[in-house]
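Each chain carries a letter (A, B, C and D) given by its place in the written order, and its residues are counted from 1.
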Amino acid sequence: MPNDYLLTVISNIGMISLIALSAYLLLISGEISFGQQAYFGISAYAGAIATTLWGWPLWLALLFGSSLAALAAGFVGLLTLRISGLYFSIATLAFAEMVRLSLFKLTYQIEIDGELIGPNGAEGFGEIRWIFDNDVSVLEYTLLIYGILLLVLFFLVLIERSRLGMIFRMLGQDPLLTRVQGLNPVRYKVTAAILAGFIAGLGGTLYAHSFTYIEPQIFNMMLGVHALAYGLIGGLGTVLGPLIGVAIDIGFLESVRVIQGYRMVVFGGLVALMLIFMPRGIFDEKRVYWLKSIARRWFRA
Amino acid sequence: MLKVDNIVTRYGAIEALKGLNLEAREGQVTCLLGPNGAGKTTTLFTIAGILNSHSGSITLEKDNLTNLSAAGIVRKGVALVPENRLIFPQMSVEENLIAGAFARPRKDQPAINADLKGIYERFPQLKERSAQSGGTLSGGEQQMLAIGRALMARPKILMMDEPSLGLAPIIVEEIFGIISLLNKEGVSILLVEQNARMALKVAHRIYLLEGGKVTFNGNPQEMQQDEVIQRAYLGAGST
Amino acid sequence: MLELQGVSKTFGELQVLRGIDLHLRQGTVSGLIGPNGSGKTTLVNIITGVYPPDSGRVLLDGKDISRASADQITRLGVSRSFQNVRIFNRMSVLDNVIAALIGHDKAGLTTLLGRAKRTGDPKVTTARQALKTVGLLEQRNLSASELPLPLRRRLEIARALACDPKVLVLDEPAGGMTPAETASISELIRSRIAPGRTCIVIEHKMDLISHVCQHLCVLNHGEKIAEGDPRSVVSQPEVIEAYLGRV
Amino acid sequence: MTDFLQNCIDGVMFGSGYALLALGFTLVFGVMKRLNLSFGPSIMLGAYAGTWVYLNFSQNALLIVLVTVITTVAVGIYVERLCFWAVRRDAAIASMVSSFAIWMQLEEVAMHLLPERTYPFPTFFTSTVIDIGPFFVRSEHISMFLLTLVLLALLHLFLFRTRPGLALRAVSDNPLASTYMGINSSNIFFLAFAVVSVLGGLAGFLILSADSQVTPFFGLWATFKGLIAMMLGGMGSLTGAILGGLLLGVVEANAFWYGGPLIRDISAYLLLFIMLIVRPGGLVGQRIVTQQQAAYERV
């Protein structure tokens, strides 16, 4: 029987991987978003409201929360079409902070079993009891998280090999050049934003139900920039990059007791050093290409 | 005056210069020709200290320049007119020129002011536009500004990297006029140029580079006598 | 084929183009020359839709494309290269050409999610053919960033060529090349690329211009100062004074 | 109307602090074309060092200013060497993320230095209220405003009247070309960070002193306010930084008066978001963008 602490760490890795993947998807298409935490947060609140207050099943709440997140991401994507680079990063950050601050104003409570339940501004939103009400064990929920993560990974691998993936990478290298290849960057930028929003949204609803309590403060800039850093640590050459980044931070650093209390000093220094020697992460495009050619040679032999 | 002796320069694992020798003599125009990737710009960068050589030595008169910092080399009297001109687009023409004298010591200020006047006399167009920002100049004027800026360092030797690149024929003509005028006034010049025909008109000595090595050196007459070289460097269609 | 009517463009206080009229006939190579800052690149940017003209019209086969976006114009059959070479540096040489072909696919959902390079995909064959034409087939698996400048320029041409464009715009195809390299690229353009295609070539190297162009247009300060048969254009005194000098 | 004008006065006073922070961002961005996210946290660490000296050793105002500024400069240089100088020239994103990683380091170090949530910050301004007609101004805000003006004038003199200033502008304009002039860009980056850190340390001291307390959140606060003010004015522009700071101050002061603290914060982000969408170059940036485009077209 695996212990619950370990499972919590593992499921945490899974959920944070989702927001890291969402930042990664934008990174490879050339945009640095500081605001993926907004979609994570929107979906966390929306999904939790759907199950807890409206009594929806989890799968429907997941779909609802993530779609709402994707919608918001598409809206921001459309508004920020004209800007790129740093301007885009800061605009996403501004939007995310607006969302977070607005959550402080969000009060929507319903009396259930004689108790007022629902988001209550700065007090947060507790009693997200779906897991308990449906008798789902920590192990089962972890499996659910990883099932969804696998689906997302499968989908992303599909995209990487597809024309769409190639277009994303083209956009990431030279938007004007992409444009004179006959591709409308508007369409693909918004597509990337919506997909990324949806993926972050999946993580958000799962997160809310796993922790049973959420508050606006969780969805601050720290979360967004961590999501971004994970992809840059793991590498931008493969979808597994962000997962490796998450595993290094949460899996390794959180569990090594020696550095308790100095985790940020170690993590921060590690990231800074890594970026000096590998600015596009451990598994960047070059190393992935190299590994693939080695694998191919092995396969043939 | 400037002697480059058996220089090896590497980019990572790639050896761009493989034991290169050349000499630029006082008061002469020395020209480097060769195909793309032969190492012409690398040679200039190595002399200017922007790249470090792996082995070999560079001397200017009695000074050893080998692996000095870029700033140190400018101070020793080597100025570079870079490829694509690379002026400061947002700074005024005058500030561009003053920046050229940056490596000179502070006590040189009166001399710097006098040199600035000298540049304005040489290039009256620059004086007219002295308050305009560099980016608003036309291509030919930017090239003049780049040359003037390099002269502000009072170099013993002026290195020019493809001064004709991307310029209209009439401007190329003008720039080469300036080069030969400067040379007549006694400025030693080390020129990298693709436009071999123009280069031959002003050069005293030609070095051909190929694959990081000198494959020919001689004066323009000698070069024009060699048919193989003629065809390779002046182009098949040229007369 | 391609027609410009009174095209003007201003940036800030700087009028870069003033009422340019130009007519390119089907299957001819037209040279566009002029001093630096005369507006050549701006003109090309307007033709390829990088930005719209302030006034005037651009007609492709009689259809007004002056308000169309760059991607639409590309799909209508106008391909280009860039003065400062633009390639996808983190892709292989072959992928660079395939990237150009992807832009011409129909953007349906199934196409988008389909694999970019299936084995036996006609796109791969087309791309290889284009690379072969410019002599880059052997380098197809190199990373594009590893190519030296003359080969990058060839890659740009291959990429433009792969889509079989109606109009091909080459912005300084011999920029930064030695006379020998220039001669080789101008022979390539003349014998392999130009036949049967409408081309616009911007270049300062008159060797190349006289080798490949049947038609020549000279810009100065944003105005057209001469146009016509190359041999007669280069002997016109205005052209000599503004551009050629006394060579 | 009086309320509104009073808010504007308060806003300008407080906005001058924002302007100082924005100047720090804009200088580094102008020279390196990169964002230093850990600018705020390095000021915070400087202020913590100052507070630590104040609590443990001495209440000498000059000493505390010195400790604050020197620590800020030391941290700034640490950030510069690690996140900017060492990172490859073509990896601007890497620098930004790296500076963020160091931010987290700095916050943790500050928490170890002084583990409580809030500490008193020495106040050296005697707080009196000065009446001007129907309006009033707090004296510490006036001193802050005047000191900002002095610092601004000094910075301007430095940039436009000295040789290092010229070198700094040259590197900002064309880093490659400045190498050929014999300007050592690595030294200039170092210099830019040092100058910016001195500015930041002084700004931090002024702001905290007027506030008379310091928390670990000051780093986040300073980075955000400086960043917003810079973006509002236009990245890389000195005038823009000042205008952006003042605009942010005025808008916040009014939003606070009419809506409270939450509305004040939201309004700042909303203003930034709208500005980026409608006019990404900021208040003065648009002109620079057009100029660059014109320059590009001519070459």
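FYI, a contact is a pair of C-beta atoms (placed from the backbone, for glycine too) under 8 Å apart; a residue touches a chain by one contact, two chains touch by 3 or more.
If you're wondering where the values come from, they're calculated on a predicted model, not measured in any experiment.
The fewest steps needed to get from chain A to chain D, moving only between touching chains, is 1. Of all chains, D has its CA centroid at the greatest distance from the CA centroid of chain C. Inter-chain centre distance (chain A to chain B, centres taken as mean C-alpha positions): 53 Å.
With centres defined as mean CA coordinates, chain D is found 46 Å away from chain C. Spacing of chain B relative to chain D, judged by their CA centroids, is 42 angstrom. Distance between chain centres (mean CA atoms), chain B to chain C: 31 Å. For chain C, the set of residues that touch two or more other chains comprises 14, 36-37.
Contacts with at least two other chains are made by residues 291, 294, 298-299 of chain D. Residue positions of chain A touching 2 or more other chains: there are none.
On the chain B side of its complex with chain D, the touching residues are 48, 50, 69-75, 79-80, 82, 85-91, 95, 98-100, 102-103, 106, 133, 135-139, 142, 149-150, 153. Of all residues in chain D, only 35, 82-83, 86-88, 91, 93-98, 100-105, 107-109, 112, 220, 224, 227-228, 231, 235, 262, 265-266, 269-270, 272-273, 276-277, 280 touch chain A in the complex they form.
On chain B, the positions that touch chain C within their shared complex are 33-37, 136, 138-140, 162, 165-174, 194-197, 231-238.
Taken in their complex, chain C has these residues touching chain A: 48, 50, 69-72, 74-75, 79-80, 82, 86-91, 95, 98-100, 102-105, 107, 111-116, 143, 159, 163. Of all the residues in chain A, the ones that touch chain C in their complex are 158-159, 161-167, 169-170, 173-174, 176-185, 187, 285-286, 289.
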